[in-house]
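Presented sequentially are two complexes of chain A, the first with chain B as partner and the second with chain C.
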Partner chain A sequence: MGWKVRLNVTTGLLGAITLAFLAYQWLPILTLGLLSFSGPSGGTTFPMNGVSFHWYRELWQASVMNDFKPPLLRSSLLALACALTTVVLSVMAAQAMRGRFRGSGAFFYLMLLGIMAPGILVGFGFAILMRLLGIELAWNTTTFLVQVSWTLPFGFLTMLAVFNRFDPRVEEAALTLGASRLVTFRRITLPLVLPGIIGAALFGFSLSYDEYPRSMFTTGPDGTLPLAIMAQLDRQLTPEIYAIGTVTTMSSLVAVTLCAAGLWAMRRSTAGRSP
Partner chain B sequence: MSTIRVRSSASYWLALPATVWMLVVVVVPIVLLAWVSLWGGRSLSPTSPLTFDNYAKFFANKTYIDLALSTIGHVLLLMGLTGLLGYCIAYFLVMKVRSPIWRLVLFLAFVVPFWTSTLIRAIAWVPFLGVNGVINRILLALGATHAPIEAFLYSRTGITMAQVSLYTMMAAGPVVYMLNAIAPQLREAAMTLKAPPFVVFRRIVLPLTLPGIVIGQVLVFLNVMSDFATVATVGGNKHALLSNLVLLFYEGSQIRAASVVAVLLMLCMLVGVVAAMRVVDIRRLGTDR
Partner chain C sequence: MDILAQPIEVDSAAKPGFARPQLDLELRNIRKRYGDFIAVDGVSLKVRKGQFVCLLGPSGCGKTTTLRCVAGLEEPDEGDILIGGKEATRDPPWQRDIAMMFQDFALFPHMTVAKNVAFGLEMLKRPKAEITARVDQVLKSFEIAALANRKPGSLSGGQRQRVALARAMITEPRLLLLDEPIGALDYSLRETVMLELKLLQKRSGISFIWVTHDQNEAFSLGDLVVVMNHARIEQMGTPEEILQRPATAFVAGFVQGNNVFHGRAAGTSDGLLAVDTALGRFHVSSSGSAPAAGTAVSFSVRAEKMTDLVGDEHGNRVSARCSAIEFFGSVRRHLFERSDGEVLKYDQFGAQAARIELGQLVTIGWRADDTVLHGMAG
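What follows is the complex of A and B.
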């Protein structure tokens, strides 16, 4: 067998593995979506026993026990707050890294620790700290503090990557022309790194919105959405969980698509402006 | 010259909020866990005498030792599976897909689930794995089996299957990055010098992508090690890994025992990360290219 034939066989094999894995990754998600439309007597697996919006209606008219609307609101607000905080702090931190201050190496590792340290340990440790200090746990205080420690490093790495590819000569030009450092930063630097800022915000939002282990230990009686889903799963698995899963998955996809489209449009408009 | 002066005091002020935040929320709690795991006595207070009794209790119980060993075995299995699968996928995407549109479509198809909730994706495996689940129905329809296999849901197999689908892209992502960074001239040079494709792969491509492989393996290692949620949803309450034990003790108000497990978990992870750092310097990635 010649090496060209072998090369083709390898390509075919790798292609088959790739496509098979794609199916493997997507089928459960698609099944979840499909089963969420099963009829009122439908169980948690096939057959579907009819097609209906029954479980979505159930979701909407839910009783106190399995009402997902308040947790959804809490999770959304929390994710927004995390996105904002992540953007501000990560731009500051990445700008500081450009100043190559003494101890910036240790600072980098400190931020990396936020990604490396597993959520279950951070959440558990922080919960004990709060207990010893006598501070009440609540979704809008302690959970917020813990979640930012998870979203911030991702925003920081995004901004660092953007600043690494950034051409400092445009700043130099503005400064030589007499603009102050603050004005240069606001008028030149910030608009140029805007795609990175959107990326950092997206990380902040989606990581916070989906976060489970950190929230589990640090949230008081009023839980976030992932906590509510887990609690419902512990009580009983119904197609209602599939419905809420489909809704959150779809909203994540819409958010990502919108951001990607925004970035693409922005790149096009800046590309059109340059000579 | 740039908007920030090198070694100016401004950079300290800019870095301060993030530093304080990370110290208070990540470093202090982890140090606290190590301290609490040494507390003796009856009440949970900083005045407790320090002792190694909590560790002695853990290591005296054979069930826990077995659990720790099986956790390590499970993590190694997943690292192997995701590493192999991830490398094949990364290699195909970067080296074999020529059309830019197909590349984008495939890239999106792989990355998009990453932006959705891991918890939901784990739950999505439940209707797949049950006795009446999708896999069993397919197997029955194909005639591959006569009775439904009960071994999928609430089993180690099911957990492994779900985790492979969740974490393979973590192993593939860094490899994609490193493969993209290889100059095509390097491979062309080797081929001009009559190296067969496999030799080109083994002597040129594989060594150059090694940092990507290592980082991917570290990501999978850390995530599987601490992923108690998938184990809980797909494995039911029948199966536990070391991280589930933390939760179990915590819910049973055995804070000191939970801290012991947490510290052991942390030590395992530290050993893994340090070992990986000896192979590749994470800081150098992305800066000098």
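What follows is the complex of A and C.
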């Protein structure tokens, strides 16, 4: 067998494995998406009982009992807040790590503890601690705090990687041209690490949005979306769950696509254009 | 490039606190250490108005750290930095009357060429209209007006170099600090760029401090060449002084075309110092007080001061076998194996006919007056 033939076989094989993996990733979501369009009498498994928008209508006109809209709003706000906090704190922490201060090694590992620690234990321990301190549990206070401890390390690692590839001489050039540290950060550093910042924000948002174990014990009476879905699963399983899954997946896809398009446009403008 | 042909008003002359306006830069005993490593050790330097100073030395000799101390990017542990006669040791970079050019130019990748060049003026909070007019003028004089709306990523090395220079010079700083500024350029470009920069420096009257490890750059550009090694200044002077009267064995060895000999002093007679080396006894002309007998001394002879046509005046002689001949056009360099393991260099004027063959045993001689005893000159 010639090397060209071997190359073609290898390429085909690797391509097939890649496609199989992508299917493995996406088929479960596709299954949910399909079942969410079942008819009004529809069950939650194949074969489908008719095709309709019934469960999306149900979702929209829900009763107070199983209304997903308030938890959806809470989860969205919470995820936005987590994304913002993660961005600010992780940029600051990664910026500090560039200077290699005393104890920066310990600081690095302590930051990563948030990733290593099992979420359900962190959530439970946090709830006990809050009770001890007499602090009321709520989605916008205690849940927010415990979720940031989870999203921050991801943003931190992202920003570390970005600053690793960052040329500090560009900042030094700005300093020697008369820009103070603050002006240099705003005019030079920030625009150059913006892609990383968007990445950190995406991490913050998506990790918070579907976080279950850390929210379970720390949320109080008004639950987030994952908690509401879990509660609904406990009560009864209807294609409504699939409908909500499809809706949130689609909105995530749109958000990610927009971010990617923004990054692409930015990179294109940095690469420069002909006169 | 006719930048600064019509200079705009710059307020540098009106700045308060001028004690010694005749010096653009004065370094007094600068020391900088990183942990146990001493990067700069007691460097003192005076730069007169409009001088072209080259800091020359091997990598790690402290020349870049010295430059960064002047820029304010590093803070010296000891010593004073005076810029334009004004104490600036503790000033941050943005308050110093300097600009800096980096080896790979450090252009802002997210800004257009025009924005890059305008940056310094924007930091001075000049009116918009004035900035636009001045940027247009500077872009034209640096012949990069056509690139105004391009981003640095799409420029060639030579174009980037021009943009970096325009960006640094637009505010007409007192000092321009250049860290290996043409090291990133193609060889074919360097000669042209060097000439342009030299002319630009003379016309603008801005003092240049140029860090390089390339002695050709240093000797062809510098009014003052400062040779550094191991965090210290070995010698400073005009290119002629350093080429003709190297002060130390390091300078003599670092500068191309010197033969360096180490030995011990063995007494003086008729104004000539005898030096015993591994190759035998040589006579060295020594002005002033000669070192006492037995002290370790070193001296050097330039390769073009050697001759194979030995006469009575060539009191110092060495017999050696020719191991290589390199022809450079202007000179023909012969390399001989010295018995102490070093290489003896003899440059013959290139226009003369070749006299020595490879492998030939030759007696090479030189006059005592053509030797330079180290540790004697400033």
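In this section, the second predicted complex is superposed on the first by the 253 of 275 C-alpha atoms of A that agree within 3 Å, B and C clash if a C-alpha of one lies under 4 Å from a C-alpha of the other, contacts with A are read in each partner's own complex, and residues count from 1 in each chain.
Here, a contact is a pair of C-beta atoms (placed from the backbone, for glycine too) under 8 Å apart; a residue touches a chain by one contact, two chains touch by 3 or more.
Please read these numbers as outputs of a predicted model, since none were measured by experiment.
Chemist: Contacts for A:Asp167 in the overlay, against chain B (first) and chain C (second): which applies, first, second, both or neither?
Modeler: Touch status of A:Asp167: second partner only.
Chemist: Please work out whether A:Ser76 is in contact with chain B alone, chain C alone, both, or neither, and reply first, second, both or neither.
Modeler: neither
Chemist: With both complexes superposed on chain A, which partner does A:Gly178 reach: first (chain B), second (chain C), both or neither?
Modeler: In the superposition, A:Gly178 touches chain C alone.
Chemist: Given the touch rule stated above, what does A:Thr238 touch, chain B (first), chain C (second), both, or neither?
Modeler: neither
Chemist: So, A:Arg102: does it touch chain B (first), chain C (second), both, or neither?
Modeler: In the superposed model, A:Arg102 contacts chain B only, not chain C.
Chemist: After superposition on the shared chain, which partner residues are touched by A:Pro191: those of chain B (first), chain C (second), both, or neither?
Modeler: second
Chemist: Per the overlay, which chain contacts more chain A residues, chain B or chain C?
Modeler: Higher number of touched chain A residues: B.
Chemist: Of the two partner chains, chain B (first) and chain C (second), which one does A:Phe217 touch, if any: first, second, both, or neither?
Modeler: After superposing on A, A:Phe217 lies in contact with chain B but is clear of chain C.
Chemist: For chain A, which residues lie in the overlap of the chain B contacts and the chain C contacts?
Modeler: 172, 175-176, 181, 188
Chemist: Write out the stretch or stretches of chain A touching chain B in their complex.
Modeler: The contact residues of chain A facing chain B are 3, 6-7, 10-11, 14-15, 17-18, 21-22, 24-29, 31-32, 35, 44-46, 89-90, 92-93, 95-102, 104-105, 107-108, 110-114, 116-122, 124-126, 128-129, 132, 145-146, 148-149, 152-153, 156, 160-161, 164, 168, 171-172, 175-176, 181, 184-185, 188-189, 206, 209-210, 212-213, 217, 226, 229-230, 233, 237, 241-242, 245, 248-249, 252-253, 255-256.
Chemist: Once bound in the complex, which stretches of chain A touch chain C?
Modeler: For chain A paired with chain C, touching residues are 167, 169-170, 172-181, 183, 187-188, 191-192, 269-275.
Chemist: Report the residues of chain B in contact with chain A in the complex, numbered from low to high.
Modeler: For chain B paired with chain A, touching residues are 1-8, 10-12, 14-15, 17-19, 21-30, 32-33, 36, 45-46, 85, 88-89, 91-93, 96, 106, 109-110, 112-113, 115-121, 123-128, 130, 132-134, 137, 162, 164-165, 168-169, 196-197, 222, 225-226, 228-229, 232-233, 243, 246-247, 250, 255, 258-259, 262, 265-266, 269, 273, 282-283, 286-287.
Chemist: Would you tell me which residues of chain C are touching chain A in their complex?
Modeler: Touching chain A from chain C are residues 71-73, 92-94, 96, 98-100, 102, 104, 106-110, 119-120, 123-124, 146-155, 167-168, 171, 177.
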